[in-house]
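Look for chain A in each of the two complexes below; its partner is chain B in the first and chain C in the second.
Presenting the complex of A and B:
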């Protein structure tokens, strides 16, 4: 196989147009779309997708999502396998309820019989609703991932501030994000220490004796300890924040989005959303 | 117990955003008056100060507690053949008071970001499903604390918080699936399914109630300041 000039062993075709492995990949078109217009454009598309009732529009929705995905530079085949697994894991979380409804509705809801085997009957109305829920759900999940993966959190919060979300709520989100990793690490450390001291989960709620008598009180005391530690820490953190001038200026400076291409993209997205809405109304 | 994108019709998720905007706005307004009394120095009673600094005083603590609840809600208890995880919205309500609703909005937003639970279009309705019972649980705890004691009132708050959330969750999902125009699912079948699902969640209500009660009794011994009232004028 052909090797690159630096001799790294990475095939040239996988590196695309990059001339050097150390250079960062140029941002995709979706990354360059400024946060405020991007939030407005993608939210308009999400609103239109979530309102679609006609099955004939689902392929069009999926074509739009595929187009945006290809512009984002985030296809699964171009990212590392670890990220791929993460993506599938993320898909499993919202997919549980959607999959449950898709499995139940075709056999439970509606009156028009398509197929019958004993007491099991496949009905058209339920099948239509299941396809609608599944199609819309996957498209919306992909759009959400596009928005969150291509916009840094601080820029996203600044864009939300420009949209009128209260400063207090955004500051709460920003501070929570800062503490999440630390709290998760502290919880993990407490659990590891408990295991080293000999604690093991003794039962399950199926056999509630040991679980309810021993495991649950222990977990409650652990959560209580974490709350007390975090409360004490929050006092110190707050004093430090005040000393550094917290509260005297907004955390998220609002920079005007003047990029005409970003606003043109937003106008296109909003126009597409309106067209979809009208087409759906006409088809129903 | 999060509703994913694509399940709800537009009026439901738009209505959810409306409810969440109203309650969040009201919660933040209440927060601005926390602890403002005649004994406060004059500058702390200045409306501009109240509107900015005093409510920010609560934020670091609320953010840390939100992060703790986010982590604690990842505790999975084995319940063969699956497992259940704690919701803890009742506990949030009794500890954070009025601030529980904004904290739940933030927590749900990060669940979308980190795990893909729920969705951006359903963030408002999911916040209403979790947040309204949390506020109610906070009220139950504060009202019942002096009469029944902290442990019993915390049990009730925890159980009612998750029980009402389950009821709202399945009620909203059924409202989305029961289509009166096309007759996709009859209202009778919807009610039967709703009743069965709520009964199936009774063990979760008991577990959440016991868990909240144990946490509150622990905090009462170790750090009673954490059980102070938020959002009380």
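Presenting the complex of A and C:
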């Protein structure tokens, strides 16, 4: 994974910035779709996906997602094993919850028996619910990925500003994602320094016990130091921003989007979303 | 001598909340166009002086005037730029060009002018080729020059450089020296890199315990071994005989 020249140790793909720097930036159709119409179009699709109840529409949803993905020109390596592992590590807790829910629902919810083995009974309603939750969730996740990977962060925030999201919230979001990565890099650096002086993690948050209790003083001291450092850094960043007139102009300048093709694409997305809603209503 | 100095400080006392004063009755005059070096041991008050001069730290007492106008602490003062010791404190935008444009947007410049000014500032600092790169991916030297470009784009009349060569390799340091030698703006430069001061400054002040102890030409002042040693400094190698 690419690292910066200054050796800050933050993998490029984990930083907040324009779409993946280590990926080629093809001028794909989805990249050219202007941010504001793109956000509106994809949001309409997301709303439609989230409200679909019929299982028969799930393949259609996934065909739409696959079509959009191929139009984006993004490589499949985004969902390749290494990236999956990285992503899953970060999504471990919520991922486990969803996976657990999907695993339990077919055996717990509903009354229509499909198969029984002893006290274990597979039920149709539970299975349907699990497929619906999993299928829609993954489709929504894929659309979010598409939006984030094909839109520079600053333009995305500017588009959200045009949709009426307050400046303060957007600035907070931008600076938070920017400096969370800095904090993560500092945390890694502190751990590396501690390892070089002989420290080895003995426990894990996943396996609380005496070993973790031995680590706690070090972890507590590290987190404390990190917070103090981050506070000091935030003060210096704020000073630097103030010196350049922070607050006198919006951080995310907006420009009117007049590309007719972009608006046509949005209209198409909205029409698809409406069709999906109607089809779902008809099927139910 | 220009009748209106760039900086005029008299009897300046400054302190951080809850701590004893760092600057203790400091007097200083900097002429327009002057390149003034500020030397002194750690804790002498160099960074505090800079924070006070750009209005970030309100003084406890004393007078500070910039270009004949009294400084109003806490107010946006675009004629003064501060280049921080750590460029990571300054760079936050997703691209170099966006970062350099940040100050200009706050000055309400038209977009056309902003684009031209960003290009000019990047060209001046030799970083035009980095315009589209995310600042956090740059090397230490590149970050430093981009941070300087972000300040210069606003066309300040006075720039304060706090330890500009910290963490720079020889090549990046040399590039910075050449840039500072050619600079036409008034600047104050605080550094422990005495050879840098010798190369780019026409005057130097020795700051210690919040006061100025000596002022003069860099070669003359920094060549005085007794004075330097009395304030925890050394004569730079190029001045040793």
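By our rule, the second predicted complex is superposed on the first by the 222 of 284 C-alpha atoms of A that agree within 3 Å, B and C clash if a C-alpha of one lies under 4 Å from a C-alpha of the other, contacts with A are read in each partner's own complex, and residues count from 1 in each chain.
Everything that follows uses one rule, which is that contacts are C-beta pairs under 8 Å (C-beta built on N, C-alpha and C of every residue); 3 or more make two chains touch, one makes a residue touch a chain.
Please read these numbers as outputs of a predicted model, since none were measured by experiment.
Student: Could you look at A:121 and tell me whether it touches chain B, chain C, both or neither (first, second, both, neither)?
Tutor: In the superposed model, A:121 contacts neither chain B nor chain C.
Student: Using the touch definition from the top, say if A:221 reaches chain B (first), chain C (second), both or neither.
Tutor: A:221: touches chain B, not chain C.
Student: By the touch definition at the top of the document, which applies to A:71: first (chain B), second (chain C), both, or neither?
Tutor: Once the two structures are laid over each other on A, A:71 reaches no partner at all.
Student: So, does A:194 touch the first partner chain B, the second partner chain C, both, or neither?
Tutor: In the superposed model, A:194 contacts neither chain B nor chain C.
Student: Applying the touch criterion given at the start, work out whether A:171 contacts chain B, chain C, both or neither, answering first, second, both or neither.
Tutor: first
Student: Of the two partner chains, chain B (first) and chain C (second), which one does A:131 touch, if any: first, second, both, or neither?
Tutor: In the superposition, A:131 touches no partner, neither chain B nor chain C.
Student: Would you sort A:237 into first (chain B), second (chain C), both or neither based on which partner it touches?
Tutor: It touches chain B and chain C both.
Student: Under the stated touch criterion, which partner chain does A:60 make contact with: chain B (first), chain C (second), both, or neither?
Tutor: The answer is neither, since A:60 touches no partner chain.
Student: Looking at the overlay, what does A:279 touch: chain B (first), chain C (second), both, or neither?
Tutor: In the superposed model, A:279 contacts neither chain B nor chain C.
Student: Identify the residues of chain A that lie in both the chain B contact region and the chain C contact region.
Tutor: Residues 153, 175, 178, 182, 233, 237, 241, 246-247 of chain A touch both chain B and chain C.
Student: Taking the touch rule as given, give the residues of chain B at its contact with chain A in the complex, in rising order.
Tutor: Per the stated touch rule, the residues are 2-10, 13, 24-25, 28, 31, 52-53, 55-57, 59-68, 70-72, 75, 77-80, 84, 95, 102-103, 105-107, 109-110, 112-113, 115-121, 173, 177, 179, 182-185, 189, 203, 207, 210-211, 214-215, 218-219, 222-223, 225-226.
Student: Once bound in the complex, which stretches of chain C touch chain A?
Tutor: So the residues of chain C touching chain A come out as 51, 54, 56, 76-78, 80-82, 84, 86, 88-90, 92-95, 98, 102-103, 105-108, 111, 134, 136-140, 142-143, 150-151, 154.
Student: Can you check the complex and tell me which residues of chain A touch chain C?
Tutor: Those in contact with chain C are residues 4-6, 8, 10, 12, 15-18, 21, 152-154, 175, 178, 181-182, 233, 236-237, 239-251, 253.
Student: Can you list the residues on chain A that touch chain B in the complex?
Tutor: For chain A paired with chain B, touching residues are 43, 46-47, 49-51, 53, 90-91, 93-95, 97-98, 101, 105, 108-111, 125-126, 129, 132-141, 144-145, 147-148, 153, 166, 168-169, 171-173, 175-180, 182-184, 187, 201, 204-206, 211-212, 215-217, 219-221, 223-228, 230-231, 233-235, 237-238, 241, 246-247.
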